[in-house]
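Handing you this structure, nothing more for now.
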Amino acid sequence: MSGDGFSRRQFVTAGGAALVSGLAGCSGGGDGGDGGAATDTMSSADTVKIGVLEDQSGNFALVGDPKYKASMLAIEEINNDGGIDGKQIEPVARDPQSDNQRYQELTREFISEEEVDVLWAGYSSATREAIRPIINRNEQLYFYTTQYEGGVCDKTTFAVGPTARQQLGSVLPYLVEEFGPKIYTIAADYNFGQLSADWVKVLADENDAEVVGEEFIPLSESSFGSVINNIQDAEPDFVMSMLVGANHTSFYEQKASAGLDVPIGTSTAMAQGYEHRRLDPPAMENIYAGVNYMEEVPTESNTGDGGFVDRYYDMYPDADYVNEEAETNYFSTYMYKEAVEQAGTLEQPEVIEALESGISLGTERAPEAPEGETIELDGATHHVDHHMWVLRADGEHNIEEVTNRKIPEQFLSNTVGCDLTQEDEQTQYTPVDYFEEAE
Amino acid sequence: MVNGLNLAFQFLDSFAFVVLAAAGLAIIFGIMGVINLAHGEFILVGAYATTFAVTAAGLPLPVAMVVGSLVTALFGIAVERTIISGFVPNWIGQRTVGRDLIEPLYDRLADSMVATFGLSLVMVQSARILFGNSIETVGTPFGNVAYGEFSYSTYRLVLAGVSILVLVAAYYVFTRTTFGTRVRATMADEQTAKALGVDTERTYMLTFGIGSGLAGLTGALFAPVLSMQPTLGDQFLIEAFVAVVVGGPSVVLGTALSGGVLGAVSATVTNLTDSTTFGRIALLLAAMLALRFLPGGITGFIERVRSRRQEGE
Amino acid sequence: MSSEAERSEASGQASGETASSEPERSEGSKNASGTDTTMDPNVRETPAGKATGDRTDTLLQTDDLVKRFGGFTATDSVDFSVDEGELRCLIGPNGAGKSTLLKLIVGTLEPSGGRIYYDGQEITDMEPNERVRSGISMKFQVPSVYGELSVRENARLPVQQLADGAERRRRVDEAIENAGLAGYEDVQASALSHGQQQQLEIGMAASLDPDLLLLDEPVAGLSVDERTEIAERIRRLNREEGIAFIVIEHDTDFVGEIADSVTVLHRGDVFREGSIEEIESDPEVRRIYLGGEQ
Amino acid sequence: MAAESATGADRGALARIRGRLEGPNTVGNSTGFWIGFAVAVLALVAYPLVGNGESFSLFLVLALLGLSLSLVWGYSGVLSFGQVVFFGVGGYTFGVVSINLPDPTGITAAALTGVVVGGITAALLGYFMFYGGVRDVYVTIITLVSTMVLQTFMAQTAGSEWTIGEAALGGFNGMPAIPLLELGITGVVSYQFVFNTLELFVPGLGTVEVDPFYYLALAALVAAYLGLRVLVNSDFGRVMVAVREDQDRTQMFGYDVKRVKLLTFTVGGALAALSGVLYAARNVYIDPQVFALWFATLPVIWVSVGGRKSLLGAVIATIGIEYFRLSVQGEMALVVLGALLLVFILALPGGIVPWIAGKISGSAVPVSELDDADAPAEVSES
């Protein structure tokens, strides 16, 4: 891919070209059902096939597009730097359009026909759960990079995004200390929102705070008059918000215009959908995001000149924002490179083994992850001990750092005892099985 | 804790949302018989046009809103001329093949549904290609009104007021003006209306334009309050259809009444169960029951009651 | 809004007449069968077969039948009866309530008051399709055959409930032949002429072997020989199959050709009843017809 | 006709079968049609040898959903958005029952229960509407609203309290870990159709591994298509078409129009549920997206583009549109798809297959060649 920016016009023509090849349909090149010795085309013998399925249209395009762009950036950098173990990376990318049905079909095609060596796919938890049966059946090495509710202990899945416990664990204690113990939780009314709300209860118990109210809002809701009134009625010290999606963004706008100025801790706002760039100030004033990464994270490897942000915008001049998931796509590609070079082969079981031997970025062998310091991939749980930041937006939506510290993934390792180096598993654990206060 | 004023404000909020969501559709679907699945995208055009008028052209918000509605009205007329009435394709057809290419979509419910679904796919994706996955939102004007420990955004109350104004204006235009009578005559029986000298082509065009303009106005009014994304139209679609159908034959009055009923149900249940999910499900179930037990919709029911009372039974 | 026009035009008439509780019987009307008007349902047992010649049993009886649309009274406490095998014509100026009466009998309209008896049972609240099953069949004012289906398919629909296999085919062919549509079996019904559609619809209604066939202006808009054809058809059905008829028709010659007796409806009530000669010679009838009355 | 000879007898039987399959209510009644049909089915049978059977089977499953709407809308005039409701109910029921009874008998029972529960749901919704005098656009809107109710409700069933026995409904993330489809009786005979490969010896190609689920879906689709052809050409089918054309007139021929609509709606619901069961079995997963508005609109588009009054049109259009929708890529994909829909419905309002049929047979109405399909060995007296 040429070095200059991947402007929209080029993308459209590429789309057109893909359209034509696409018409040949998924039955085209594939050598059909015969599972005999794969008569690989020559190119795949000495290239690394990386499959990237990220939403560039549909409901999750806003947060999915940066993920796609970051993967392409990492791949281009590695290729320019000699590739993996001397082999150039051949990216295989299609737009699933935020449609779980397309994810399933494209995952099938990427595994059985394109025969990708590794797969990055999916923003929402629903998408992960939709394709995990296909991943498990084919024992396909799979990176899931979105921050999520946590608890997935799966032999071939690497959930390298931060978990709800890590994110809420970074922002909630600070807010309790800073503003007081009374918490009001508002969350999107689906799995992620409900499990995150359970984690707020667990963390409140650990930090002797108290959840005075909890409210779940359907993804399709966009008027928050009653929610704002309930918050005012409960008079909490701060609010924990795990709202998700386009419709929920309007909560922040409506909260500001209703004059509700209680501090709000969040694990989803600003870092994923960059609301502070899209809404008019002071909508996001006094919002505290507990995340592993945002474009404004002040580390040398991120905002320093020639850093990750600069390189990202060099490649995509008209990109909107470098969000949390983009960084995870980026550094996890380097983790994969490390693992393949350690394993010396593309065979997925060996690469998984190398990944489980503990890959860390920020050492002399591998560049530092944009979120800063060294971060390690924990072999047993396939999760990452992230460098967690708490960042606050002021009246003009400028982002300032509040705290930052390393928070390891504890739920799967300590509480559940998931150790994939010892025994294979493909289950998702939830806090309610282990903490009674999460009832 | 159900606070009277809270409940009232929430009711106004739901009422304004349902009525404004259904405003344009009441005319395009209610009066003209076109099931417009791209209704949400007409609202999107109004919202984007208003936002750009403020951010790019620097116009004050009220002026930008008028611009937003007009742009959508013109867009609506363009859609009507090309797809709905097939005037342009037939004009071309006459000159090339010597016959009309397509038949108008009026009163062809299923076909208009498929056509407008295709149109909505094109509009959402084009908006994404041209303007990206999101554009900057304008701020919400007017502060808030505080009462006790609560406060409510003044703009939301203004929205409720405007929604009533829109209804009154539409009611006046469509029932008390000669233009209104011409529209209803054309829709009731185009042939007879044409025979009576009504320029039905122009009436169809203008009526569709007004319907689109109203949808654009809804987009303009909600622009400061919603996040500007190509898929913002989806949240209006179901409420709009339900309100129009539950409203019944006398379209404008019906939309107001169904907006009231559905708004009340949604606000009350949300308050009682403290869950917006059940508030939304209650609204949908209320709509299903209304459609079942009031076959002619609310105004159909009123019509029957009035005529039965006259029978003196 | 739509019923606006109807209401204003009718309001002028509605007034006084219906106020009296006891429906004053227009003098001179005699009930053709001479039996007491109020039927005692359980006394009369239903005849086994269809009595062809026997003219004494009342097949249909309406009691104080009322239908109001808002303020307008379409039928005003009508007492009306038809005997088995009787060919009754229904005439009267427009808006006299003829079509309304038919719709009340067949059940597509619910009465505002009064009762309807058929073949000894009360059918006031019976579903329309149940009434058809018990022997009442109707041809609508606007010819309504299934345009997209062929003539044969149209003819099969009513018959398939009654017979299968060879018997069904015989009846289908018979219905098509009687409707004068032999050779048109595979033609799409919408391609038929107006007259042919009328004939087909009459054939379909008749093929249900009804006891009572209601025809709403069967010859409206037809040529003279088409009218005689249909008149002949009705008479043959009446004589050979013993089907009783209620036929609404303005054309008095047509009525003269077929009617056993005639009922004149005026302002929603029975105005005169009798043979065609009596009706034609009655000055009162001519007056209300020719609009002498303001 | 003269006395039948031996060959005549089976020709008579064949003609009788064909007689039941043909009639004015279906497009394509000529021998040429049946030859074309046989060729098409053979092509589909051979497809996995050439193309990827595993992914193509999705289109066969969705074609069943298209057929269900074609029956309900095309043949009895009820435009329903609710087919995806029964599709989803069927799929979820299959998931719940099979997770709780994961052995072959249990899974087979789960499949049947899914279809039955889907049919019952259709019957209940149908009774609620038709016996309440609800007609035309109101039916469409009620079914549209019912999909929204289910989507909103199912999306929030994520908590642990929303489990039925072992099966967690899973809320927005969908129901995980549906057992692999294995039909039969435990211990006696059973075969696993999903995530399994079938060795076929094909002369000239050697042994080839194909996806058995593809053939299960193909068999279900062909059986459903032929079954519906028999239904719509039967006496009941004639009443359905009469109800579609003019329900008031049909009532006056003594038919209980409400009951006819309810029966058709229930059969359509069961067929949609069957499609949902196969969908959930194939993907080993089902989520509330199946109740989403855009998914509920797809069947209407398939049937409109394919041809409202043609079962074959629904099948061909479903497979064609879904194949295209899935394979076309790039940013312009949705724009192209939207534009195509617009052009198709404006240019060919009647749908493709009736248009083609019209072109082939030259006359507007596909007239059946057999003069009378009831019984070939007729002896005409008159």
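The first chain written gets the first letter, and so on, giving A, B, C and D; residue counts start at 1 in each chain.
Note that a contact is a pair of C-beta atoms (placed from the backbone, for glycine too) under 8 Å apart; a residue touches a chain by one contact, two chains touch by 3 or more.
Worth saying up front: this structure is predicted, and the values here are computed from it rather than measured.
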{"item": "Selected pair, greater C-beta contact count between C-D and B-D", "value": "B-D"}
{"item": "Intercentroid distance (Cα basis), subunit D paired with subunit B, Å", "value": "35"}
{"item": "Gap in Å, rounded to a whole number, between the CA centres of subunit D and subunit C", "value": "44"}
{"item": "Rounded Å distance, subunit A centre to subunit C centre (Cα mean)", "value": "76"}
{"item": "Distance between the centres, which are taken as Cα means, of subunit C and subunit B, whole angstrom", "value": "47"}
{"item": "Residues of subunit D touching at least two other chains", "value": "152, 156, 331-334"}
{"item": "Two or more partner chains touched - positions in subunit C", "value": "none"}
{"item": "Sites on subunit A at which at least two other chains make contact", "value": "12, 57, 189, 216, 218, 220"}
{"item": "Chain contact graph, described as a line, ring, star, complete graph or other shape", "value": "other"}
{"item": "Every chain pair in contact, whichever chains are involved", "value": "A-B, A-D, B-C, B-D, C-D"}
{"item": "Of subunit A, residues touching subunit D in the complex", "value": "11-12, 14-19, 21-27, 30, 32-35, 56-57, 94-95, 97, 99-102, 104-105, 108-109, 112-113, 125-126, 128-130, 132-133, 137, 189-192, 194-195, 216, 218-220, 428, 430, 432"}
{"item": "Interface residues, subunit D side, partner subunit B - complex", "value": "73, 79, 128-129, 132-135, 137-138, 140-142, 144-146, 148-149, 152-153, 156, 293, 297, 300-301, 304-305, 308, 331-335, 337-342, 345-347, 349"}
{"item": "Subunit C - residues contacting subunit B, complex", "value": "1, 3, 7, 68-71, 112"}
{"item": "Complex contact set, residues of subunit B against subunit C", "value": "184, 250, 307, 310-311, 313"}
{"item": "Residue ranges of subunit B in contact with subunit A within the complex", "value": "1, 3, 6, 9-10, 13-14, 17, 125, 128-129, 132-140, 142-144, 146, 149-156, 224-232, 234-235, 267, 270-271, 274-277, 279-280"}
